[in-house]
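A quick write-up on the structure given underneath.
Letters A, B and C mark the chains in the order given here, with residues in each chain numbered from 1 onward.
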Amino acid sequence: MVWQFLLAAVLGGLCYLDRTAACQLMLHRPLVVATLMGAIFGNLAAGAQVGVVLELFYLARLPVGASIPPDDTGAAVFGGSAAAVASSSIGLDVASFTGLLLLSFVAAEAGKVADRFVRKVNVRIARLTAESVDRGDLQAVEHGLLAGLTLFVVTGAVLSLVFAGAGVAVSKQLLPLFGPDSRMDFAVLLPALPLLGAASVYSCSRTERTAAVFFLTMAAVFGATVFFRWAG
Amino acid sequence: MPAITTRSRRAVWRRQFLLQGCWNYEGMQNVGFAYAILPALREFYANRPEEALKAVKRHLEFFNTQPAMGSVILGASVRLEERVAAGEADVRAIGTFKVGLMGSLGAIGDSFFWGALRPMASVAGVLLAMLHPLLGIGALLFFYNTAHLTLRRRGFAAGMEGPEGAVDWLKREALNIRTDDRKMLAAILGGAYAGLFAGRFAGHEGGPLHALAWLLLAAAAVNLFTVLFRKAVSPSEILSFLLFIGVLILWR
Amino acid sequence: MPLVLARIDCRLIHGQVVETWVPHTKADTLVVANDDLAANPFLRSVMELAVPKGIRVRFCSLDEAVSVIADADRNGERSILLVSSAKDAVTLRKAGARFDRLNIGNLHFAAGKVEISPSVFFGPEDFDALRWFRSHGVSVLVQGTPFEAVKSYDAEGE
């Protein structure tokens, strides 16, 4: 387990770096991160299953200007590691799946607070950089940037460690407390969750032309899915 | 004054990927911008330390734009600094240009990258991830980054032709039209995603009427969430409300 | 239609306005009242590229602003008014622009300014403007995007 957490911290830290500080290649997206965490904690497929739903939750919250969106990378670290630990040989049960997705928002909001903190500490780094440049030290710019990057990656690694730890703890301690009956009732909430993600996509892609297209496609794919199941 | 060497040009190009490396509330991308343009400044003001210092300081002023669109401003700023160092242009032109463009380019980039390309790539990725997770991840990264890296490369090259070149390129690239196209794709794929999950949950039993009721309920739910989002309700708030209901169910 | 939003934002049109406030307020027009921009066709042409299709943008100097807003009003447009400083907002309000709520999105840091929110910094003249608005029945709300918490400075007597 120690190795798994170490790996989660290192790779999680790198994914976090992609989120703001470096490159923005989308390695920080929940689909990638949840699958990765699933693989680290022993079940890639279970992690991906969570990632498929988490990916879309916060899409409509854009990182514009000083506005910081909830940390869906953190939500994915939590969800992916928890799903892998909670799943058995037959996969992840529906109630655990629902519970983990619902709980993931705590990680998303906690990660956002940490993100704000980093960007406030960076104000000091930026000021120190400017002061050093005033004194004639051009290299201070490079040092300042390195300091900022270090802060981002260390915070990312710590958050990954904490959220992975929380995920494993929830799966091992919290989920087993509930019996099979109450779990089945709990799972009635599941259908709302992918629809929440779909609504996020719809919100950001909404223009006059796209509104009808979204719902027509939805109806067509729904019809096909239901029909094939009846036929099969 | 010779034109910028390939070596410095490449260094600036590589460093643009760290534009947000020291993102802070006060100067936002200021340290990142100064860091990225530094190799060029060192070359232009090689034997003039005083002027080099002034140049670095003017790039430590507040700066913020969409990170990928920063490449355009960075390229054009390199060209402007080159002109200033050669005594062909006024220093103030650099500040005016950066401040004038960062908001507009930020808006263009936010709409294209965050509002259209990212949702499109995300939803394409999750749909394919249902076939195989690695296929989904590959698709997400491929769809996003082909457009992302191409625009960075072209934008930087256009910027290097100077401010006029940068703006001509922006007009040619017609990002607002491409934004609309990506939004249309995202809407189609998002609709497919909603339909697929709603169909899965519709259950085996029940006839066409039962299925139709499910579809209408699902569409109403999507609509309700969308209205809530527009009224600035956060997805986290919706999730916590659902969790509250879940807890009530468990306690019952 | 009266103004759906009056906003001070030193960056005028940018991502927060286009991607969050426009859909939130269902606006179809942006009125940008700024003397520098009105005098600089180059910057205007770049800013126009940032405006989504279906949204009309009207650039004007501070002097023309009131009549431009009135014109949009007669046209039945839902407009967002954008100015770049608190001083400009006071000028417009004195000239007769009607708004009872004023949103402040971004006012960048400069030496000697006080932090109000992570993206809003006030200098002495901003505080003067704030006082003026309070005594003239205008509520001032500091809020970058509709998703953020509001910090409000209510008008006196409310």
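Here, a contact is a pair of C-beta atoms (placed from the backbone, for glycine too) under 8 Å apart; a residue touches a chain by one contact, two chains touch by 3 or more.
A quick note: this is a predicted structure, and the numbers were derived from the prediction, not measured.
Trainee: Measuring between mean CA coordinates, which chain is farthest from chain A?
Mentor: Result for the farthest chain: C.
Trainee: Using the stated contact rule, I'd like to know whether B-C or A-C comes out ahead in C-beta pair count.
Mentor: Looking at B-C and A-C side by side, B-C shows more C-beta contacts.
Trainee: Let me have the rounded angstrom distance from the C-alpha centre of chain A over to the C-alpha centre of chain B, please.
Mentor: Computed from C-alpha means, the inter-chain centre distance equals 18 Å.
Trainee: Using Cα averages as centroids, what's the distance between chain B and chain C in whole Å?
Mentor: Computed from C-alpha means, the inter-chain centre distance equals 24 Å.
Trainee: Using the average of all C-alpha atoms in each chain as its centre, how far is it in Å between chain A and chain C?
Mentor: About 34 Å, centre to centre.
Trainee: Which chain B residues touch at least two other chains?
Mentor: 25-27, 106, 110, 114-115, 180, 230, 234
Trainee: Indicate the residues of chain C shared as contacts by at least two other chains.
Mentor: Each of 11, 14-15, 19, 23, 52-53, 118-119, 147 in chain C touches at least two other chains.
Trainee: Would you give the residues of chain A that are in contact with at least 2 other chains, written as numbers and ranges?
Mentor: Residues 61-62, 64-66, 119-120, 203-204, 206-207 of chain A each touch two or more of the other chains.
Trainee: Which residues of chain A touch chain B in the complex?
Mentor: 20-27, 29, 31-32, 35, 44-45, 47-48, 51-53, 55-66, 70, 98-99, 101-105, 108-109, 119-120, 122-123, 125-127, 129-130, 133-134, 136, 138, 141-142, 144-149, 152, 178, 182, 185-186, 188-207, 209-211, 213-226, 229
Trainee: Inside the complex, what are the residues of chain B that reach chain A?
Mentor: Chain B reaches chain A through residues 17-18, 20-28, 30-32, 34-35, 38, 42, 49, 52-53, 56-57, 60, 64, 67-68, 106, 110, 114-116, 118-123, 125-126, 129-130, 133-134, 136-137, 140-141, 144-145, 148, 180, 183-184, 186-202, 204, 211, 214-215, 218-219, 221-223, 225-226, 229-230, 234-236, 238-240, 242-243, 245-246, 249-250, 252.
Trainee: What does chain C use to touch chain B in their complex?
Mentor: Counting only chain C, the residues touching chain B are 11-15, 17-19, 23-24, 40, 42-43, 45-47, 49-53, 108-109, 118-119, 146-147.
Trainee: Once bound in the complex, which stretches of chain A touch chain C?
Mentor: Residue positions touching the partner: 61-62, 64-67, 116, 119-120, 203-204, 206-208.
Trainee: In the complex formed with chain A, which residues of chain C make contact?
Mentor: Going by the criterion above, the answer is residues 11, 14-16, 19-20, 23, 52-54, 105-106, 118-119, 144-145, 147-148.
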